[in-house]
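All remarks here apply to the structure that follows.
Chain lettering (A, B, C, D, E and F) follows the sequence in which the chains are written, and residue indices restart at 1 in each chain.
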Amino acid sequence: MLESIQELITTTGFSCLTWQQGLMILVSFILIYLAVVKEYEPLLLLPIAFGVLLTNLPLAGLMAEPEEGKVGGLIYYLYQGVKLGIYPPLIFLGVGAMTDFGPLIANPKSILLGAAAQLGIFIAFLGAILLGFDLKEAASIGIIGGADGPTAIFLTSRLAPHLLGAIAIAAYSYMALIPIIQPPIMKLLTTKKERQIVMEQLRPVSKTEKILFPIIVTVVGTLILPDAGPLLGSLMFGNLLRESGVTERLNKTAQNELINIITIFLGLSVGATAKAEVFLTPQTLGIIFMGLFAFAFSTVGGVLFGKIMCKLSGGKINPLIGAAGVSAVPMAARVVQKVGAEEKPGNFLLMHAMGPNVAGVIGSAVAAGVLLARLG
Amino acid sequence: MLESIQELITTTGFSCLTWQQGLMILVSFILIYLAVVKEYEPLLLLPIAFGVLLTNLPLAGLMAEPEEGKVGGLIYYLYQGVKLGIYPPLIFLGVGAMTDFGPLIANPKSILLGAAAQLGIFIAFLGAILLGFDLKEAASIGIIGGADGPTAIFLTSRLAPHLLGAIAIAAYSYMALIPIIQPPIMKLLTTKKERQIVMEQLRPVSKTEKILFPIIVTVVGTLILPDAGPLLGSLMFGNLLRESGVTERLNKTAQNELINIITIFLGLSVGATAKAEVFLTPQTLGIIFMGLFAFAFSTVGGVLFGKIMCKLSGGKINPLIGAAGVSAVPMAARVVQKVGAEEKPGNFLLMHAMGPNVAGVIGSAVAAGVLLARLG
Amino acid sequence: MLESIQELITTTGFSCLTWQQGLMILVSFILIYLAVVKEYEPLLLLPIAFGVLLTNLPLAGLMAEPEEGKVGGLIYYLYQGVKLGIYPPLIFLGVGAMTDFGPLIANPKSILLGAAAQLGIFIAFLGAILLGFDLKEAASIGIIGGADGPTAIFLTSRLAPHLLGAIAIAAYSYMALIPIIQPPIMKLLTTKKERQIVMEQLRPVSKTEKILFPIIVTVVGTLILPDAGPLLGSLMFGNLLRESGVTERLNKTAQNELINIITIFLGLSVGATAKAEVFLTPQTLGIIFMGLFAFAFSTVGGVLFGKIMCKLSGGKINPLIGAAGVSAVPMAARVVQKVGAEEKPGNFLLMHAMGPNVAGVIGSAVAAGVLLARLG
Amino acid sequence: MSSNFSTGLELLVMGMLVVFAVLVLLMYIMKIMSAIVNRARSEANQENKQPLQGVQIVSTAYTSEEELAAVAAVMSKVLPKKGIPVRLNIIEVKN
Amino acid sequence: MSSNFSTGLELLVMGMLVVFAVLVLLMYIMKIMSAIVNRARSEANQENKQPLQGVQIVSTAYTSEEELAAVAAVMSKVLPKKGIPVRLNIIEVKN
Amino acid sequence: MSSNFSTGLELLVMGMLVVFAVLVLLMYIMKIMSAIVNRARSEANQENKQPLQGVQIVSTAYTSEEELAAVAAVMSKVLPKKGIPVRLNIIEVKN
């Protein structure tokens, strides 16, 4: 009896809690705080944070691999959807169903801003190499600059799954911090006059164009860069479900229940990869640092290209909208709107920023495809 | 650097696009057109079409099998639900939850029309054998005549998975073409007088009968033909969730989110089986031809048996309702209503056609069971 | 031809229906009756009953394991989610999202009643050992006294999967019978005066407390008893999604579509484990008997501890609320309300009973953790 | 192929026979079931529960609720009003 | 079986002990947590946020919204109206 | 690492080139597509279908409907009313 109690005590989690695990539990509390109180992308950060918590409670075995005669843990099974690359495209399916590419179709040039704002990906990739990360790790870190959670998780799960937790946390945190990260850079690189530019109203976009758009992007994007296929294809399929007008049932489910279920599974299991032993390393600091770096340079890329387009268009394009090219839909576009309206009250840049904003999603998927093609 | 670009170019999809793949991409465009513009069963045909598109974009690897150290493609994993026979019964679960068998219970004789209208399955089976298909392939082709997508996919996934794409496309396309295929046959085989028969109003059906019905069908059907169990059982379970009145939550989910999610997965992955090398064969032409044949003969079977029942009942039964026995719920019943109302405005055959219509679903599942039992 | 018919007849289910299977089909009818007409926990009992029916229809093979070159049955695949311990935590995720722990937070002492009402688990465990069950089986039987379906299924799937059907049926049936089982015990163990005690109104609970609660329970519970982690963690994660206020999308999906889909899969596949050969044994009678025993002793434990708390509090606590500690949320709390209001009309015990009631869910998960830790 | 053809022919006959056998059997069981249920009901309460009257149409797969509502509205004008509640599960009729 | 019985007896005692241990610990931590939270709140803003008052009942699994609405309607008459907003998460009471 | 660095540099240049190449190509194809579609439309029916006018904003991920509705209400006052129906898919603007 006493032995039995003693045995039970030695099998409590307390008795074998390492300080590293204790620290990770604190980290999970901070993440929960950021998600719940600061509302940092809570839909993903809260499940991620809870995954971090659960995986660092010793002996609970929620991430345990199955062994001879013993089944694995719940989150281990949920994690298979990340490992096999299933969840991110399904999230993208829902994102596609939620996204209106109309502003991009109305102003095709704005797609270039979505290209330029991928700069941070490659700059941070180089930076991470300099910090000593290997190529695959560096690519996964760089993709944080794509400001696109599913893309970052997809690429990292293929190239450097041991960094998943840190990269996902960095990606979603910085996305939430866009309103703090971007404005100083935007103001630094533009003149007051540029920021006050009022843009022409966008032309209306017909239903036919909206239906053709996802098909074209799928075909062209995947033909040029096959590795971008899973992300682009699912994003565009979701969008086709939305725009076709004949599959409302599927559209509704894709952008609601399906994406919600997958989000819960994805968040929990991505968080659960952040075990103390892999998370509490200097690498994580490097990731957090380079992630910020990536976001900053993506913004720089977008705004500078915005200035070029401003010049070439004879001052018709407000360079601020380049900042929205990082994607982080629709947060970055809102930031553009806010910064623009501060300079010139009543200047409604939001719809013009949505073009680069949604283009940024495509741009990041293409950039991920390039990295996968070379390093995958 | 230049090498690197060169390497990238050789790994673009363009550089290794075969003309067959190009043709398949065109086929996918046609299917998208049929789904979106012509509204041919868009809920399934659009996902199927997109699956055809994605699978024929070279190197994208969405259907790639996992290899040593490399995960498979997204649609490869989604396809497992087809391969393992999971999706079609789950679709049937939702269909059962959406179907009111009341008109069949009110008029049990109409179930015979649902039997007669399976004629096309077996005629086309024979025809496909004559065209040189082997028995399993021929059975899968014949089942197109059941006018039931999930049944066709279920049987084909067990007997001839390499034909899945072509058979699913044929099945859903012809289902959409029912308003064109059936009326001439219906008019050819019936006299004007027969088509003008007005039928007695159906008796009301009690809740108890509706609850007992799915249980009876499951037990009797599966006891006689165990191979029909998965389809009949899940169809009837869905119907029991509907009629029991005590599981509204489950009923609602079965006929909405669950069926929608599975439809997306099923459509995409069935479409993705239609790779150029298996689709662009003379076999596909044979399938398309025999599929039409099957639909036509199922209609013939139903209408002719309707004429017999008309005679035996002393002219109380309008033989047109036999055409609804092919299932294709509720399209075929609508066609009956329309043809009937053309001959005699105000003749409301719809509810009488629903009996054979829903019976046709049961009939096809039983026919599939027979084929599975002999050839599976 | 004749041979062929003969062959088909020998492969009908009728021809090889054993009397045991016939009996099980009758059992499934009784369960359907209880679910639909008597409304015994129909959301789970109806799928379970249909699973029992399908698995006992001979040759339908819905639970067939995959063999060389032959895929398994539908329910075999659905069952993997039970076998791998995936479904019960996901159900708990939804239950957590549906549960308001406010009454427990307002009155923390009531958590002790949720501890005391686990008595039946361990008493029935001992009883089952006396009846000759081995330790793992006995533990699975005892857990019926936890009055918590997912907990019972989770533990049984790990310790004694061959008893799943019987234990799940017993657990859900007795849960539905709570209004019949508990009142006599409650009245026997309490005086009229005790039953008439009116309790003070509960204090309001702030949002912050509600958000901190699931985090605390997860950390403390899992640190002490790691084996309780999967159940407690998912229950509390669901509750955090609910209370955080920033993840409404996920909360809604967890407590609706996700739990509904999993309920269908879980019910069907748990029912399908009840094959004639494993169900029609004396063991099942033992399970049914000991299950009742477990429920009764859990009630006894709760009520007796309620009496102790009544004494210690100077008569401020109505001992009836101890009966709600068995969980079976919210049925047991309703029974308390009803019995209390019979003795003293207008006495509103419901909210006071909810504290022990939801505590009982935590208590059962902890008890399951103890059993898993020692016997798993 | 000739052996395949004879198998096909055999399955054509046998398949249709089995399909009819199962469905005829179902028909009779349905009739028996309805007879029992309705006798039990009419015995138990002859005027207690008013059964839903009249049109029993099917509301089926993939039909939008708006369409249903629209058709229901039309139907309610077409049907004889006897003051008895009529439950309509409508299939919309496309042209 | 006699060895099983002694294990069972042991687990009966130890199991109940552990269950109580965990839940007693939770009880104290809950109390501490509530004390901290409420002190912090009352310090921070003494009349700023009006907490939801009174009845804190649980709306639980598998309950139809109509039932909830119905009971809520009844409850709203029963409860003392002090002009303070009362949030009701009701459990319907079955007879 | 020096070899890694040169690979990184190469990928930086090449990656940006490819991203631009793909997106520039998309831009031109989009322009061609829109030109064809709009010419076809204007030829086919010059006043038949009135296209949705004006503001084309995106309603995006994870946005509550209430927020949308609120912003839409505000927007409808801001926009020029030309008697033409305007469809608004709004992004709410946070401060």
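Here, a contact is a pair of C-beta atoms (placed from the backbone, for glycine too) under 8 Å apart; a residue touches a chain by one contact, two chains touch by 3 or more.
Not measured: the values here are computed from a predicted model.
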- [ ] Moving only to chains each one touches, count the minimum steps from subunit C until you reach subunit F.
- [x] 2
- [ ] In contact with subunit D and with subunit F at once: which chains are those? Just list them.
- [x] B
Open item on the list: From the C-alpha centres, identify the chain that is farthest from subunit A.
Closed with: D
Task: Chain pair showing more contacts of the two, A-E and A-F - done: A-F
Task: Separation of subunit E from subunit F, taking each centre as the mean of its C-alpha atoms, in whole Å - done: 49
Task: Averaged-CA centre spacing for the pair subunit D and subunit B, given as whole angstrom - done: 19
Task: Averaged-CA centre spacing for the pair subunit D and subunit C, given as whole angstrom - done: 38
TODO: Could you list which residues of subunit C touch at least two other chains?
DONE: 4, 8, 43, 224-225, 249, 257, 370, 374
Task: In subunit D, residues with contacts to at least two other chains - done: 14, 18, 62
TODO: Assign the assembly's chain-to-chain touch graph to one of these shapes: line, ring, star, complete, other.
DONE: other
Task: Chains touching one another, given as label pairs in label order - done: A-B, A-C, A-E, A-F, B-C, B-D, B-F, C-D, C-E
TODO: Quick one: which bits of subunit E touch subunit C in the complex? Just the residue numbers, please.
DONE: 1, 4-5, 7-9, 11-12, 14-16, 18-31, 33-34, 37-38, 41, 51-63, 78, 89, 91-95
Task: Residues of subunit A that touch subunit B when the two form their complex - done: 83-86, 89, 93, 158, 211, 215, 218-219, 222-227, 229-230, 233-234, 237, 240-241, 244-247, 249-250, 252-254, 257-258, 370, 373-374
Open item on the list: Residue numbers of subunit A touching subunit E in their complex, please.
Closed with: 1, 4-5, 8
Open item on the list: Taking the touch rule as given, give the residues of subunit E at its contact with subunit A in the complex, in rising order.
Closed with: 10, 13-14, 17-18
- [ ] Going by the contact rule at the top, pick out the subunit A residues touching subunit C in the complex.
- [x] 4, 8, 11-14, 17, 25, 29, 32, 35-36, 39, 42-43, 46-47, 50, 53-54, 57-62, 66, 71-74, 77-78, 256-257, 260-261, 263-264, 268
